[in-house]
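Take a look at the structures below.
Here chain A shows up in two complexes: once beside chain B, once beside chain C.
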Partner chain A sequence: METLLLILLLPMPDYLGRAFDPSPGLWQSKEEARSLECRRMSQAQAHELYPGQVPEPPPRGEFGATDALACSQRILSPSERKARDEALLATLRQSVGELTEQASATYPGELTWQVDAFYPDPVVASKVAVAARTDLAERGRKVSDRVPVLAAGDISVLAHLPAKQAYPLACRRYRAQHLLSEKDAFLGLMILDAREFQLHAGVCLAGEWKWLR
Partner chain B sequence: MTESPLWPRPHIPRISWLLGLLLSGCVSVYQPLVSLQRPVVLDPELANFEGLKLLVRCHQSDYLDYLDAQRLCGKVRTMFANQGAGVEVDVVRRSGAGSAAVAEEPSSPAAKPDLILELKSRLVHSENSKLLWGICFISFTLVPAITEYTFSQEVAIRDPEGFLLASDELQGRFVRYFGAGTWVVNKTLDWLVRAEPDKLTGSAVNQDFSKDFYGQLSQLAFHARMRSLVLHSFENEVKAAAAPGPASPAPASPPK
Partner chain C sequence: MRRALAILSLALAAIPAGALAAVDTAAEARAAQVEALRGEIANQIQLQAYDLLDELVYGWLQQPVFPIDTPVVLADVSAPVGFGSGLQALIETHFTSLIIKNPATHVVLAHCPQCSALVVHSGAKGTVVARGVDEPEALSSAGALSGAKHALFLDFEVEGSSLVLRARVTSLQPALPIVYARTLSSSTSSPALLRGGDRLKSAAEARQEYLDALAGRSVYLIPLHFGLRSYASPPSGSTAQGLIAPLFWLEAGVEAPLTQARAWTGSFTLGATWAPMSHAGWMAQVRVARLLSGTVSSLTLPDLYGFVGASIISLNGSTALAFSENVPSIENIIAADRKTDPHAIFPALQVGLELRVKNRIGVAVFLENLPTMNSPSIGKYLDYSILQFQTFGAEVTFCF
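Right, the complex of A and B next:
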């Protein structure tokens, strides 16, 4: 009987560890599991990030590879924002950073940058624009808070044109109406289709529109 | 200790073992890790890729043998074909450790693809305790044996010139509980307590994973297509605009 108990108790550490398993199961639903952001990493990497929870790997190595599954709770649960907003905002820093880096490298001169974002939700659009302005400023570029605004007649025409024509035409109108000077560059960030959440970008300089990505 | 309780005594019918095995079942649980839990915006059931010529290239690896690579490519082909794309498949066979990859000819090499989607799989982690299996069988599978693995699917989408348009790494984790106890508990909970989307037994694991995996692949391919359009100054816009999607490719909001 003692042997049986001993054998049944042997895997207890394994099963107790499972109580903290982030996968869906008895203790948490699929939605709760999805509200975690998990990444598998080596024990050394996990120890660097979570020194209090993950012990340092032994200096002489271990028999077999050891790794850790590190999870953190998302700030907002997946259903709190619209899917497109959530997907865009989750990677905003990275995507905006790539675009401003490209814009900055393509136009290295002494320019004053004006930035605007074209996105169906104005709140998200303003977040994108602010993120891009901040990133450009961090790169040492001169950034203005101004945004060129066209007349209502121009906007109603542009609204009916495809992106290929709308943005270059808007750029020409900015110049014709003296909304942008020779030393002003306008960085536009936008999505081009309702089915995507990746940002595209173009730059308007001296009445010429150039797509960056 | 007078007798060993580890094995059935001779008078216990061996059928009890068989009964235990018959009663036991697997409960597999899927957990999305890196990128697989990101929201998908497009609807993979609509014609999002009308007019697109796509080449899907699956690579054989240590984790994915040739037949599995073929099967994966076949499923991805069906998924994109259902969305209106013309799809060719190319399974890259690894002819031996360290040797160069050998590509099978696509079925009609004359047609130059608009996009090339490459899939490479690898096993990131696996865990399978022999101790748990031993305890599982000793306890007539009332105590579950637990196996788990984490895989990674590297996705890269290029244009015909080889320019990288989009790439991502999708990671998923599967935990499999083997045993009558776990199966009965979960089946009962599915039946009495859990709502339909929260059920764990049956084909729920396949459905959850397929929804995430094929959704992410579709979204990534759509992003690659849009990026290709912009980089080629909308040369192929006519084809893309013909796609009867849920929204027209007009600007989401006009420039002010």
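Right, the complex of A and C next:
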């Protein structure tokens, strides 16, 4: 009986280890595993972030490389918001950061930036525009909270044009209406197809529209 | 027969209604569950949002945006997509309280209800309908800005497992230039720091406090054990009969960490036991324990320790007869009654597990080996030929 008990208890550390495994299996369903966001990092970095869970690396180093997989639960499950909104918002910081970095590098001069986003849902559009404005300002660029607004007649014409023509035309109208001066650059972020979530961007400067992505 | 048919048709008619009621109840239960889940998420987000606001205001204390006290309009607080005005109100209240408690930020909140409302402004360029903060000329001419020249915008968004705060301050000039912008992000896996609003500290300082608490919390503890030791009954073929009643022990001593963060601990305790007309005894015990549930003791979860120990136990009274090498006889028991006190002293080696909660309360179970014991009155719970365990014990510990 004792021997049987010992045999049953011997693999206990292995079972306990598997309880922390983020992959789907005995302890975790596929749905639960999908709701995790995992990042691999060094033991030193993991100790810095999670001192209670990850021990400090030994001061004399280790024979093999040891790393940690830090997993955290998504705040909202994927079904809580519309699929396209969720896909866009989940990577907002990264995608907007890439575009503002590109815009900032393409136009390094002393410009005042105005930013707007074009997305079917105005709330999400506002989130995208705010993210871009904040990111540009944090990069040390001069940013204005003002947004150039065209007259209703212009908008009704632009609405009937394909995106590839509408944005360059809008840019020329900004210039013609004196909504943007020589020193003003307009960064527009948008989706071009209702089925996509990847952001595109273009810059309007001196009446010329240039696509960044 | 007719009556039975009537009852049957009534029952059949009632089935769809009953099924529909069940569906309604299930849908309601599901809705209630979703609502409860949403509330739970909102609570977590609320704490994280507070944490980000604390971090923002702490940053302003270190590097104020304005050199002197400056009126600022809190123009907009936007909650993550999918969350309503309830969270927005909580965030706004916490932020206001932080600003009031920390005047060194030089931010003075100004009252401007028109700033977030739609205003209509007619001028030479035409009629414009916009939010107040987007048309500062209109507000200024209406005298609605309360002297404020700046507007603050706080935008929260859930991005995967992080909550992100984007804060910006806009100067209320016609060009609306952004004079300050900051993005702060937190991960859901890092617990909220819950700093006091009037004693803000940086995330690095809060982390250091956490580490200090892990490493140096309660260096010396005074454990008080309430324990019970039960001795195995002799094998069925033995000449000795009778079972020793479990002995109740009260022990107290001192416990100290042997390494940082209480991964190893050592303790020394003295104990006493007494039962009327039966026995009185004392014990001295040392234990070394190793944390099994991690590498550092947890502030939030119970800690599991494995321990080994050694003790010396002394007993006086009739119970001590059971620990002698002879089978207790009537003469022995009578002699014990006549105050010719029987006495037993023996060592014990123990191994066990203890579950501790925050180093305050613990529950332990252990087995004891009595290496010098040859008493026929005591059997073995476990027998590994080279190692036998004669005692099973359990104890509850309170640490002071």
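Operating definition for what follows: the second predicted complex is superposed on the first by the 170 of 213 C-alpha atoms of A that agree within 3 Å, B and C clash if a C-alpha of one lies under 4 Å from a C-alpha of the other, contacts with A are read in each partner's own complex, and residues count from 1 in each chain.
Throughout what follows, a contact is a pair of C-beta atoms (placed from the backbone, for glycine too) under 8 Å apart; a residue touches a chain by one contact, two chains touch by 3 or more.
This is a predicted model, so every value here is computed, not measured.
Q: For A:130, is the partner it touches chain B (first), chain C (second), both, or none of the two (neither)?
A: A:130: touches chain C, not chain B.
Q: Please determine whether it is chain B or chain C that touches the greater number of chain A residues.
A: The partner with more contacted residues on chain A is B.
Q: With both complexes overlaid on chain A, does A:58 touch chain B (first), chain C (second), both or neither?
A: neither
Q: Of the two partner chains, chain B (first) and chain C (second), which one does A:87 touch, if any: first, second, both, or neither?
A: Touch partner of A:87: chain B, not chain C.
Q: Which partner does A:23 contact after superposing on A: first (chain B), second (chain C), both, neither?
A: Only chain B is touched by A:23; chain C is not.
Q: For A:191, is the partner it touches chain B (first), chain C (second), both, or none of the two (neither)?
A: In the superposition, A:191 contacts chain B only.
Q: Quick check on the superposed pair: does A:163 touch chain B, chain C, both, or neither? Answer first, second, both or neither.
A: first
Q: Please work out whether A:138 is in contact with chain B alone, chain C alone, both, or neither, and reply first, second, both or neither.
A: second
Q: In the superposed arrangement, which partner chain does A:213 touch: chain B (first), chain C (second), both, or neither?
A: first
Q: Which holds for A:72: it touches chain B only (first), chain C only (second), both, or neither?
A: Second partner only, chain C.
Q: So which bits of chain A does chain B touch that chain C touches too?
A: Overlap of chain B and chain C footprints on chain A: residues 2, 37, 90, 147.
Q: Mind pulling up the chain C residues that touch chain A in the complex?
A: Going through chain C, the ones touching chain A are 41, 44-45, 78, 81-82, 133-134, 153, 155, 157-164, 166-168, 170, 175-178, 180-183, 185, 187-190, 207, 210-211, 214, 294-296, 298-300, 382-384.
Q: Can you tell me which positions in chain B touch chain A when the two form their complex?
A: 1, 4-6, 29-34, 37-43, 48, 124-125, 129, 131-132, 134-135, 138-139, 143, 146, 150, 166, 171, 173, 175, 185-186, 189, 194, 197-198, 200, 208, 219, 222-223, 226-227, 229-231, 233-234, 237, 241, 245-247, 249-256
Q: Write out the stretch or stretches of chain A touching chain B in their complex.
A: 1-4, 7-8, 10-11, 14, 18, 21-26, 29-31, 33-34, 37-40, 67, 69, 78, 83-84, 86-87, 90, 116, 118-120, 125, 147-150, 155, 158-159, 162-164, 166-167, 170, 188, 190-198, 200, 211, 213
Q: State the interface residues of chain A toward chain C in the complex, per the touch definition above.
A: 2, 37, 49-53, 55, 70-76, 80-81, 85, 89-93, 112, 123-124, 126-127, 130-131, 133-135, 137-138, 142-147
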